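Just below sit the structures, each encoded as structure tokens.
Below are two complexes that have subunit A in common, paired first with subunit B and then with subunit C.
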Partner chain A sequence: MSGTFAAFFILSLMTIGGAVFMISFTRVVHMVVSLGVTFISIAGLFILLDAEFVAVSQILVYSGAISILMLFGIMLTKHNAVEDEGSKGVNRFFAFLIVAVFFGLCFYGIQNTIWPEPAQTAPNAPSNVEQIGTEVFTKFVIPFELLSVLLLVALVGAIIMAKKESDSE
Partner chain B sequence: MITVQLPSFLLVALILFCVGLYGALTKRNAVVVLLSIELMLNAVNINLVAFSKYGLHAAITGQIFTLFTMTVAAAEVAVGLAILIALYRNRETVNVDEMDTMK
Partner chain C sequence: MTDLLQQSTSLWNVSMFIVAAVVLLLVVLFFVTYAIYFERKVIGWMQLRTGPNRVGPLGLLQTVVDVTKLLLKEDTRPKDADKALYALAPVLAYAPAFAVLAVMPFSETIQFADLGIGVLYYMALSSITVLGVITAGWASNNKYSLIGGMRSAAQMISYEVPLVMSVLGVILMTGSMNLREIVEAQRDIWNVIPQILGFCVFIVAAQAELNRTPFDLPEAESELVAGYHVEYSGFRFAMFMLAEYVYMFGMGSLVTILFLGGWLAPFGLDFLPIPGIVWFILKFLLYVFFQFWIRATMPRFRADQLLPFAWKGLLPIALVNILITAVVISFQNGTL
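Presenting the complex of A and B:
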């Protein structure tokens, strides 16, 4: 059993465990914390896949910013919210059925596809961050700049939507 | 020696996506629904990065697309929570099945 396999096993176990605990917990704050575990484990999976820059961004954006933002959202709405039984039994059964069918189809597809042999990476390739930087600022300049506009619009929109009511009252 | 192959990563991402989908369909609290959507986006990110290493045309493009997805997800969470807070101020509820004014 190689070290990579052991790391993959532990990380995927933590990823799925965090997600399942998120579904089964009843208090909303506990759900956010267990989702934080999932986000950090996914960053570990990214490192296993030789994507160091994406892994660091994952920790910064997801387990840093989005978890805290969600906690703010919970604190600003229902302070100690407890998730009750959820939707009714019939709806829950149909949701489970849909998800199970989807899982079965995708699992069948993954198992029955002949995947290509992994390509050999060049021995003296530039580092991951260097490659991403070169590509972003040559090939993907226009999407990159559009994203900055999108972030600005989202920032302004979120502020306006969250404070509009208090002005008119 | 056992090595980790592409299908293992795809399977983890699939399980994660299914858990997120089930949560988004059954939970009533809108914050939890947003969290489940984040889980589904993360599953897609794992697939993109896995294909950028093991795919037929392995290239760095998958990782760049993942970065773009993360940015859009962050914007989505910010706007979603703003809508949620505005809605809570008006209706005093965060349950998605009580947000039925437009029904």
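Presenting the complex of A and C:
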């Protein structure tokens, strides 16, 4: 058994486990922590695929997001708030049915797709950041710029909304 | 070390990984033990005291005894604390602190993993610690530790931004995020000279990230009821303290690599038969001494001035630094 396979097995177990616990936990902070486990394990899976930059961005973006989500979870819910057990009976049966059909469709789709041969990359290339950078600033420069404008608008919008609230008080 | 990573997995090289990690852990623990000892000694000297001098010769065993005391202490837990998260929080805080050391090139040969994105790896992993801090504050079920955890989270998230921004200048100059290439690019001149603005921002933001003076609000037990770890004692408290000192180790290594030329000899002393690791350790210790010096000198920041300083003071300076660096580089390349 190769180390990559073992790592993949552990990481995928943690990814799925985190997601399952995220659903089954009843307290907000527990959910957020298990969501964090999922996100960090996904970053590990990216590393196995030699996509270091994506992996690190995953951690950088989502661990920050998780912290903020947790803060909101703490501030906006009661300390001992526990979610209800959820619906029983008929609803559960239909939910299971829909999920099973969805799984079947996905499984069928994945099995019947002809995947293109993965592009050969240089083994142990020191960095794929450079390639990503070049692509982003030449081939994909317009989507990149549009995204930047979108983020800027969101930023300015957030500031204006926060400003209005403090003025009215 | 790096060759080992490319081999196929066998019992032999897996056990080699474990041995190497344990050796690094022992080195770090030794560093932490004597960093605490020297911290108390140096601060003592600066305040015209002797510092610890009772346990062992010159007080050398003082920290060992202190740690033993912490480990033997009863492990108390507040009655209504969240058991699982209360136990998990110190691990969440400590594990990334140790994991960031994996990419540090301590010399030409001593390095665990040669990642193409070494700088980003450090920044990404160190942001996981915030999660541990909030978890600790919440799981203690104490309003003071919750408020302390929120305060620390705000501080660490805010100061991470200028920290990353100040490193961008170095990355622009090197054209790489690989720590080894960053060191090699400093053969002519250390980054601290051309990047002096970025260096200043980095040092200040690093103090805040490390929760060290003048930003050591979590330790402000006299005015702010300490911070997220009020309810912790014994072994778990030791884990938080250990995480803080291991981060000092990591940040010291990072400053040495990014700005002080890593293992390269200073002042053209290349001809001396001194291995690179010695230069690395000397520069690293300089940074550690700087920490103690600051701690003996500076008063604490006020909590309400903390965040404006990061956003209105450090961030604009870091952005100006990026702009200047970019303009100078494009001028040199003749594209301007």
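As a working rule, the second predicted complex is superposed on the first by the 122 of 169 C-alpha atoms of A that agree within 3 Å, B and C clash if a C-alpha of one lies under 4 Å from a C-alpha of the other, contacts with A are read in each partner's own complex, and residues count from 1 in each chain.
One rule holds for everything that comes next: a residue touches a chain if its C-beta (ideal position, glycine included) is under 8 Å from a C-beta of that chain, and two chains touch if they have at least 3 such contacts.
Nothing here was measured: the structure is a model prediction, and the numbers come from that model.
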Which superposed partner A:129 touches (first subunit B, second subunit C, both, neither): second
Which of subunit B and subunit C A:33 touches, first, second, both or neither: second
Touching partner for A:74 - first (subunit B), second (subunit C), both, neither: both
Contacts of A:14 with subunit B and subunit C, given as first, second, both or neither: neither
First, second, both or neither for A:56, with subunit B first and subunit C second: second
When both partners are placed on the shared chain, which of subunit B and subunit C touches more of subunit A: B
Touched partner set for A:64, first subunit B, second subunit C, both or neither: second
Contacts of A:2 with subunit B and subunit C, given as first, second, both or neither: both
Footprint overlap on subunit A, where subunit B in one structure and subunit C in the other make contact: 1-2, 4, 53, 57, 66, 70, 74, 128
Of all residues in subunit C, those that touch subunit A in their complex: 6, 8-9, 14, 82, 84-85, 88, 114-117, 120-121, 123-125, 127-128, 130-131, 134-135, 138-139, 141, 146, 150, 153, 157, 176-178, 181
Subunit C-touching residues of subunit A, taken from the complex the two chains share: 1-4, 6, 29-30, 33, 36, 40, 52-53, 56-57, 59-60, 63-64, 66-68, 70-71, 74, 79, 124-130
Touching residues on subunit B, where the partner in the complex is subunit A: 1-12, 14-16, 18-23, 25-29, 31-32, 34-35, 38-39, 42, 45-46, 49-50, 52-56, 58, 60-61, 63-64, 66-68, 70-79, 81-86, 88-90, 94, 97
Contact footprint of subunit B on subunit A as seen in their complex: 1-2, 4-5, 8, 12, 15-16, 19-20, 22-23, 28, 31-32, 35, 38-39, 42, 45-46, 48-51, 53-54, 57-58, 61-62, 65-66, 69-70, 72-74, 76-78, 81, 83-84, 86-87, 91-92, 95-96, 98-99, 102-103, 106-107, 110-111, 115-116, 118-119, 121, 128, 131-132, 135-136, 140, 143, 147, 150-151, 154-155, 157-159, 161-162, 164-166
